[in-house]
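In the two complexes that follow, chain A is the common piece, with chain B as its partner first and chain C second.
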Partner chain A sequence: MTAGKSIKFRNQLKLFTIRQVIFLISLVVLLFALLLLGISMGSSQLTVADVIKSLTGGGDPISNQVVFQIRLPRILAAIVTGAALSVSGAVIQTVIRNPLGSPFTLGLSAASAFGAAFAIVVLGAAGAGAVSHFEMISQMPWLVTLSAFLFGVLCAFLITGFARWRGSTPEILVMAGIILTSLFQSGTSLLQYISTDVELASVVSWMFGDLAKATWDKVWIQIIVVVPAFLFFVYNAFSFNALSAGDEVARSLGVNVDRLRLLAVVVASLCAAVATAFFGIIAFVGLVVPHVTRWLVGHNDRIVLISSLFLGGVFLLLADIISRTVVAPVVIPVGIVTSFVGAPFFLFLLIRKVRKSR
Partner chain B sequence: MSVNHQYYYFFILALLLVVPSCSLPGKDGQGSGKELTDMFGRKVIIPEKVERIAGVGPGALRLLVYMGLSDRISGVEDFEFTSGAPYMIAQSGLTEMPSIGSRGGDSELLTLNNPDVIFMSFMSVTDADELQEKTGIPVIRLQSGNLRNARDTLYRALSLIAEVTGKHERKDSLKAFIENEIKELSKLTNENAKEFDAYIGGVSYRGSHGIASTQAFFAPFSLLNVSNVATSLVEQEPVNPTGLYVDVEQIITWDPDFLFLDAAGMKQIKPDIAPETPLRYILSAFSNENVYTLMPHNYYATNFETVLLNSWFVGKKMFPDTFEEVDFRQKAGEIFRFMLGEDIYEEMNERYDGWEKY
Partner chain C sequence: MDIEVKNLRFGYGKEDILHDLNCRFDNGEFCAVIGPNGSGKSTFIRLLARLLTPKEGTILLDGKNLENYHRRFLARHIGYVPQSGGNSPMATVYDTVMLGRKPHIHWFPGKEDVRKTEAIMHDLSLSNFAHRLTSELSGGELQRVQIARALVQEPDVLILDEPTSSLDLKHQIEVMNILKGISRKNITVIVAIHDLNLAMRYAERFVLLKYGRIISMGDHSIISEKNIKKLYDVNIQRVEAEGGSYLLPEY
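Then we have the complex of A and B:
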């Protein structure tokens, strides 16, 4: 029995790389298929022929506008955001050695939401007031995005500051995350309480997480942030592997554990903060995708990171397509769909895992 | 470079990368035509001839209806089909219009609907820039102000609409009408105004609430110079209707001479003032039979015609002598007909229990 198991295990090891390669190729193919599907769907009911005409340069102005200014940025934003959140999730789960880790565990979503609410309610970015104390900046473009981003970054700094002060152990990071989450949530509640109905509606709709806000500028900025971050993670994948075996093991292998952990938290938070500032809170992607990836490709961090990148893109793009079609022409914010689809799926994974371990 | 500081440098570098790109300006108008500046200083190029228009965001469509532009409206936000707002009741043809998405508009549906100009209210500069970029249609941002302390803002919005659509005469007559109503109201009330005080309960603000939700600056009271007992709670008069939740005991302490109730919140108010409740026992407004209901006027920004009518109603009930000559039913017909193009008094009464003795 034991011998059989060990042979099976060895075979699995051998097959692993082939399996991983096949998995990655199929993910890329799936991504392209979804990209084509996504671009031919939308509330304006353009036909597939219209879309193809536009893509090949022969469409009418209206179809061109829809395809190039509305659908393409949205789809690319879905892919990049899904990738950014998933990779950040994978890294954070590793460095805090907590399966419930995600960019949002560290208080990031709460901080960004507070930032957005602050810009809308206090700085008057909803355009609601004729008289505002901050009239000069209330009409600044990107004010809400910038404020959400800065508070996300502030949160990352607080977490790292706390960790440097008290030691960057997983427990301290998680606890600091919980503390900051509740602090920022209460701040947001206060702002909601004192807001006008129009401001409240803006805050709530910001928090839903909606890819309809995608524009080319946002896609490019995200790419500029995510690509170097991803390369940094992949470069450090070996150290992450060591880290998941425990701090002592990692140290004995020459990894500067504290520094790596903090750096990883900051870079991952940065990726997630940009995505969140642009599109609001898109829950569950950063949590579920890394788990699914590990379940499918094993625990080697380098392959987990690469697979998370693609699977995250696929997952969020799929969620976006669902959000646009399930009650078309009404579009549901994608953040609602990811939670709705993600939660039962996660439960299913959990049940499977529990059964297996019995 | 110290190892410990390395990640801060990385972080600052990333920040520098992101922040400048965040201030990329949005596109300013498209195509040829005349240039105008909207209420937030955005320069927009609009076509010489504007035949089809759309309004998105709270209050935009209402202003277009006031300006007598219903026949040029190309589509409406989908919740308006069932909103029951006075302007939708009066201009029932608007319910036959195609949908341009949910609140705030859907960029694809707007592109396809292809109005010449989109008027947008209560949303951020970024929202306007992005919608313009996505649809390729000029987006003009409006603010609707209020009748208390921001009438100039309202008139500037009307002027801007007139500038785009050529409806200058209508703008002038609308402004004259509103000013005249307000002048008449204050003429009839001035001397006796401070004799009694009043409280407005159950103001529909973010939906309907119980009697404890009020407004420190309630437009009908302000227009009549009536003392609002809740005014003392707020230092500075806000531009937007800001709700306030007071302690029920506070209402007893104030013991206002007149109690007005927002008809939209009656379901929530009724348990608070049912027979045998302390409020019913103690408040002298009940024993003196000075409790009345008003029509809701805050929904998706403010219905100005209803504010005026509520003011006339309050005046008539609080100062029956000076308002003796005023026939409220006739006044309602006059205001509805002038501002919305149709007398909808009966329809409003069918829908809400406003303008009644409680």
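Then we have the complex of A and C:
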């Protein structure tokens, strides 16, 4: 190769990285802009300037109250939950080598829903006497959240058990996910069948992924779980790339394939379990965002993980803003908005696939 | 690095695939493992790459049991190229080759990793399509990418499973020339290979495997009409000509 070509090659590599850096910076800017916009929107009208004043310590007491006690926890919950679900989805898609992978593919949402239903129907934690589902949600105690979380964790450990029993191959993990989803869904159906009207309404309300349940406590707990999990994923990003090349190559590169796959599934499930236990089922985020990220930045897991984190935050924050404005003053649960995204997204994937194969 | 195989046995369940293998691969040698389908060639070289664990016996790398090395250490010394697959179709050529630096990297690749990746890509003429996806490559290009990925590991031993099986004649010769060049750099090259003439042309030592047993090992002289008959149950004629020996099967 001539010296000129060598320089061109180096420049190509540089450009590639610069493009990714620009993309990441744009995402952070967009996230911040949406954060300000999201905080300013709502029944108590604030301007973006009011929000900036409050955030920088110069706001009036009422604005501060609205910003810090009502809006900010919800907005941060949207960002952290979006990030957690997206990164979990990206990791699970890689380790089970399945583009339709997400934390929910492994039975997590079904398990958490069962956990919530179990607490409401069996442990009697329903919002008794409530007249609307908002009221019901507000009356739901931590018992429901804890039960949903514990069943989510149980699901992750059952997956681990299957993998230890039959081998931690992508096929076994997907099969185990299908088995557990079916098992927990039928359990939830049974509980719904034997429940009272109020309990049934509570279970259904819980299942709508809704960020109205956000509080500062929940945001902090999520951050405590998501930050170390994300660092774990980024540290292993190179190993995830190796896994994409096949188990044999990954092993020859020094990766402990079985241990990494299981650990990744458990940590990703934990992130998603916390989010689901707090806010209910917010579907499609863990599936859609990693796909869009790979479409935009390529398939290198290092950049995919970091981009998914920010894009997940942007996606759910945007969905939350839509959920609060589309039929304002009524706020619809954000899980419904994200579910609506699923259909056109798969249509888009289908069109791309058809175009490619022609 | 030298590899010594002592009383190696391997199998799944009760059934053994490899029975009591003993052999040695010396530093910088180009060795071909030859045998019919199902003879255990791929299993044998996977054991050498520590991708499988022996049922009995030991494989010694410079006198120390392979199982006693840390997996990261082994990955810095043994490179492996599978027969097929071994790459993510959506990964770029550059990212696939860079994967070979995995045993040397903790968080992110450093300047040295980038330099070594670029150098090997340059040596194997891959620089011009650094950002092409591996799914867009031809069989010959993909095999070069796989070899480059293994070389970026800076191995002392390079193990390849039928590296020429899906290539046309031109690319078979190209890949074998690359491997010959690698063995000249004091890297032990071990290939499982079906093409006897290609093996005769490039390898210095041969291990003949049948039904999981070594029936012979040594230099070119063991690729005899008698041994090939024993190995494949096919009559061949070994013709000595200018530039080397050729095997002509009787059809």
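By definition in this document, the second predicted complex is superposed on the first by the 300 of 358 C-alpha atoms of A that agree within 3 Å, B and C clash if a C-alpha of one lies under 4 Å from a C-alpha of the other, contacts with A are read in each partner's own complex, and residues count from 1 in each chain.
We take it that a residue touches a chain if its C-beta (ideal position, glycine included) is under 8 Å from a C-beta of that chain, and two chains touch if they have at least 3 such contacts.
Keep in mind that this is a model prediction, so the values were computed, not measured.
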Partner chain in contact with A:Thr17 - chain B first, chain C second, else both or neither: neither
Touched partner set for A:Gly298, first chain B, second chain C, both or neither: second
First (chain B), second (chain C), both or neither touched by A:Ala212: first
First (chain B), second (chain C), both or neither touched by A:Asn256: both
Partner chain in contact with A:Trp142 - chain B first, chain C second, else both or neither: first
Partner chain in contact with A:Ser26 - chain B first, chain C second, else both or neither: neither
Contacts of A:Ser182 with chain B and chain C, given as first, second, both or neither: neither
Partner, of chain C and chain B, that touches more residues belonging to chain A: B
Which of chain B and chain C A:Ile221 touches, first, second, both or neither: first
Touching partner for A:Tyr235 - first (chain B), second (chain C), both, neither: second
Intersection of chain A interface sets (partners chain B, chain C): 256
Contact set on chain A toward chain C in their complex: 1, 5-6, 9-10, 12-13, 16, 234-235, 238-239, 241-242, 244-246, 248-249, 251-256, 294, 298-300, 302
For the chain C and chain A complex, residues of the former touching the latter: 46, 49-51, 71-76, 78-80, 82, 85-88, 90-92, 94-96, 99-100, 102-103, 105-109, 114, 118, 122, 125, 127-128, 130-131, 149-150, 153
List of chain A residues in touch with chain B within their complex: 42-45, 61-62, 65-66, 69-71, 120, 125-131, 139-146, 149, 153, 160, 164, 194, 196-202, 205, 212-213, 215, 217, 220-221, 224-225, 228, 256, 259, 262-263, 266-267, 270, 274, 329-331
Sites on chain B touched by chain A in the complex: 3-4, 6-7, 10-11, 14-15, 17-19, 21-26, 40-41, 58, 78, 99, 101-104, 106-109, 111-112, 114, 121-127, 129-130, 133-136, 141, 143, 145, 150, 153, 205-206, 238-243, 298, 301
